[in-house]
């Protein structure tokens, strides 16, 4: 018991005193993603032409595997997206079929959002692909934050020239991420807000992706219910599961 | 009455390798009613002199007065008008416009003068009648003999009642009888109508009829005979 | 009377009336110059289209795995172990061979992405096969360094990426798995074809083979031969050497429409030349006729002194032939003097049509005169001149000597 | 003037042979120019008509941004005013509504990208020929069924047969993933590789429902009575189309437009050279005929005819000869063109097959376009008059004496 307690104290010290930039990023990312995650999310896509909301149930195992099942609106309910590694399949409830997304369609928007199919597949491991450097402290939306710069490693297959990542010092949670191209032009940014408690963990519940090149293209996610680091059976990421209509 | 007078005319041709003095110090006067022949062997300068007097060519030095006016001061256009109004020409060949009939050829210069049609017709028919070739009125030059063509040329030359008619070897391409007929006609016109004629020729028939005969040799006046 | 005398007479007649001869001569010179320049420009245009296509990568002969043309899949590769390249290089007439890894893929930058054809090439071999290395407008062609990519200006603009910027390339391997890798733009090229500049990129074959797990396999062997005309015979030679596992195609098979257009325009050149020839005949008949009429008197004298009608006929035709030959030679020399500098500098037609560039011709046309046309001109033009003199010559020999002498 | 015309007219008749030859040369050039040009223009029209008729149509009305960025969000709802305007325009034979969308077509293992085109079959039959290009199977009739036609290569690639069911997936106007099951009733073969490998024809109402388009379309495609009315109609349509853009076939098929432009260059080059030779023939003829008459002209000048009148006579001769030649040349050219219009030149053998394979018609046709005759005639007349300048300058400088003495 003492041992356990002292362990925790040691950990707390480490986190508040001698954090490296890598550790901050890892913590922030792990906080919102977990090793595994499942939950209900609603996605609102706003473009000059339309605005719509999808409600979805998700299962994630890291960046490796994911299953997304659409719950509403009615006409799309039951549609599923399965991601395994670099590949993607769509299950269409309406026609009861599974379609593997061919490479030529990877750049199509995923369900009308600001994300392409490719964005979902390629969601990379920040520690692996970037050099991470703490460059200062800054207040963002009233939060005292670390400002961390991530520059891609030479061989990393990421399109960005640079990321700027703000992590709140208090909760060690992501607050804002800026995505730049190689010429340091801001291409898009993501805002995290409305911290909520899900299964004992406080994380931002509203994630907003704002396109800085195309006006009025915003995709926001609202986490309605989340559970992290729960045991998820590998069976869920199978074709049989995919094609099982609910 | 004096029509043409020349003063110290010189003409030197420089187009050749060696400049040629075609005429030298020519002084002569053509009066109204004259029947003058400029005669001389080939190359004596008679055609050159005729061309100068007919305002077709310009002298190298000296002056030509036409009805008292110095023609060297006239423009090309004025010379053209002068030839049209005051001069009649008869050449040895290519005299008529091949595409026009005899009467049209005669009318041609009247047309250029802008005379009304009725008058043109009348004057042309008169001219044809004077030369006794009314029956040729509607023939084209290629349908006529050389003598007939030259008669039409004479008719054209006189139709406008010119101050002087210049004829350059008019008989050169005609046989003796035809030439003689043509000359008789012109002689008759000179006498009856007092038309002034100025010839250049070495044809004895022409020289024989001359009332004033000017002989040229090597570009100079050798003699002037008045009959 | 000897033949020499006739020639002598004809020659002197030509020189006696320089103006008349010059008029006929000028007609012929213009005709020769026009025919040859027309041929030069048309050929220049069509050859340039073909040449440009061949240079952009079509090459003279391509070898693929059987079935590749119908379905351009990554899995239809040629195994590197077969050493086809070495075998083909040994064939006489083959100048250069390049192994190419070809696949369809996606490139993306932070701002945009596009579907493109990726060519993985060995930069040394490829330089001898395609002209892309000569079209680099900024930066350098592939040097063999890792993760280089050469892209067209149009694509770079679309991606909003410049020299030194990175792009991500994504493509699937033979098993269908998707791989992505990062490349840096080392050079920007600009060809005459905006379509090409938009949709082709070039990387080192090692990088692409690694990315797609192809080992040393590739998809395409591009072959340049010493003379394009050798392509067809080499094709059958290669085909029997490599067997039915491979498709062997020449540029004629790969660019059928273009080749057909060139053949068709070559065919139509005959019609064009014929029309020009007839137009020329009219001009020559007219002038010859007038010169005959001018000389009726002279012919009358010739006939009066006992020149036979046959000889007179020959004399007129001989004069026409001499003028025709001289006109052809002078015309050729003048055309040559104009043509030769232009065939190096080219003629800029951009003022005439913007379309030329997008059609794969290029705005500057380098005239190419075909020896067939020159030969045809040399043979036909004097014949046209003689043909133009026949009718006037017939007119001349029908003359009655006395009437002719009287004529003036 | 009367005198000048008379002289000119008689001069022409005086030397009938020379005049006739000059006329023949000019007539021949006009005839050659008109028939070559006719063949070119006619074949262009044929190719345009053929290519345009397959898919794009002569004119399309689109949302102003669709051309630059073809997405469903740049679709539009054609209003009644526009439709009734199109219905009443006398040059418009028919129009059809279209939706173009990118999608996926899938049969079990095989999934490919597809170019979806939503059509009204009955209207489309009147506007384009794509439904005539059915290779196999049959067309569907109603715009609201789940029947489709696919490119013949796509059918092969999908490894399915006519009558089989496939799935189409496409993102709708609202961003949702529309998907439905369709039955393939037949295949199309147009010769255009893109269409044959990726083209899918769907009933427009089905597609509108699947993609949440309501009554929106991405294009109205219009067929004209005559390609020559293109500019008139497109100008007339602009006010009715309002903010939407009116695009002509040249915008829709720039490659075809450029290919024709290129061919046109060599055609014009040919005409230039033909006219150059004819111009030389005319210069020489006039020059000779003037020089031949120097003696005669000399006499005229000597008796007082002004130079300019002589020059006018020569110009009048040129004009008369040219006009007569133009009449002959145009009549001959018209006859040739008329014959080729009625009996197009058909290719045969390999070339014909190759043409057909790539969707071209293996034939050449001519044209009777009036403007072509007028242009050729005007150019010929101008060239003739220009050709007369040099001889006339010589004539203008002629001194009477030199003329008379000229040998």
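Labels for the chains are A, B, C and D, by order of writing; each one numbers its residues from 1.
The rule we apply is simple: a residue touches a chain if its C-beta (ideal position, glycine included) is under 8 Å from a C-beta of that chain, and two chains touch if they have at least 3 such contacts.
These figures come from a predicted structure and were not determined experimentally.
**Student:** Computing the C-alpha centre of each chain, which chain sits at the greatest distance from subunit C?
**Tutor:** B
**Student:** So, comparing each chain's Cα centre against the centre of all protein Cα atoms, which one is closest?
**Tutor:** Located nearest the centre of all protein C-alpha atoms is chain D.
**Student:** Taking the mean of the C-alpha atoms as each chain's centre, how many Å separate subunit A from subunit B?
**Tutor:** Here the centre of subunit B sits 116 Å away from the centre of subunit A.
**Student:** Rounded to a whole Å, what is the gap between the Cα centroids of subunit B and subunit C?
**Tutor:** Centre separation, subunit B to subunit C: 69 Å.
**Student:** What's the distance between the Cα centroids of subunit A and subunit D, rounded to whole Å?
**Tutor:** 56
**Student:** Two-or-more-chain contact residues of subunit A, please, as numbers and ranges.
**Tutor:** 104
**Student:** Could you pull out the residues of subunit B that touch at least 2 other chains?
**Tutor:** Residue numbers touching two or more other chains: 93.
**Student:** Among all residues of subunit C, which ones touch two or more of the remaining chains?
**Tutor:** none
**Student:** Strictly by the criterion at the top, what is the full list of touching chain pairs?
**Tutor:** Between chains, contact exists in these pairs: A-C, A-D, B-D, C-D.
**Student:** Would you pull the subunit A residues touching subunit D in the complex into a rising list?
**Tutor:** Within the complex, subunit A touches subunit D at residues 45, 47-50, 52, 73, 75-76, 79, 90, 92, 94-95, 97, 99-102, 104-105, 108-109, 111-113.
**Student:** Okay, in this complex, where on subunit B does subunit D touch?
**Tutor:** Listed in rising order, the residues are 51, 54, 56-57, 77, 80-85, 87-89, 91, 93-100, 108-109, 111-112, 156.
**Student:** Spell out the residues on subunit C that touch subunit A in their complex, using ranges where they run on.
**Tutor:** 104-106, 108-111, 113, 115, 147, 160-162, 165-168, 170-172, 177-182
**Student:** Could you please specify the touching residues of subunit D with respect to subunit B in the complex?
**Tutor:** Per the stated touch rule, the residues are 3, 7, 10-11, 13-14, 295-296, 298-307, 309, 400-401, 404.
**Student:** List the residues on subunit A that touch subunit C in their complex, please.
**Tutor:** Against subunit C, subunit A makes touches at 85-87, 103-104, 106-107, 116, 118, 121-122, 152, 154-161, 179-183, 185, 187, 213.
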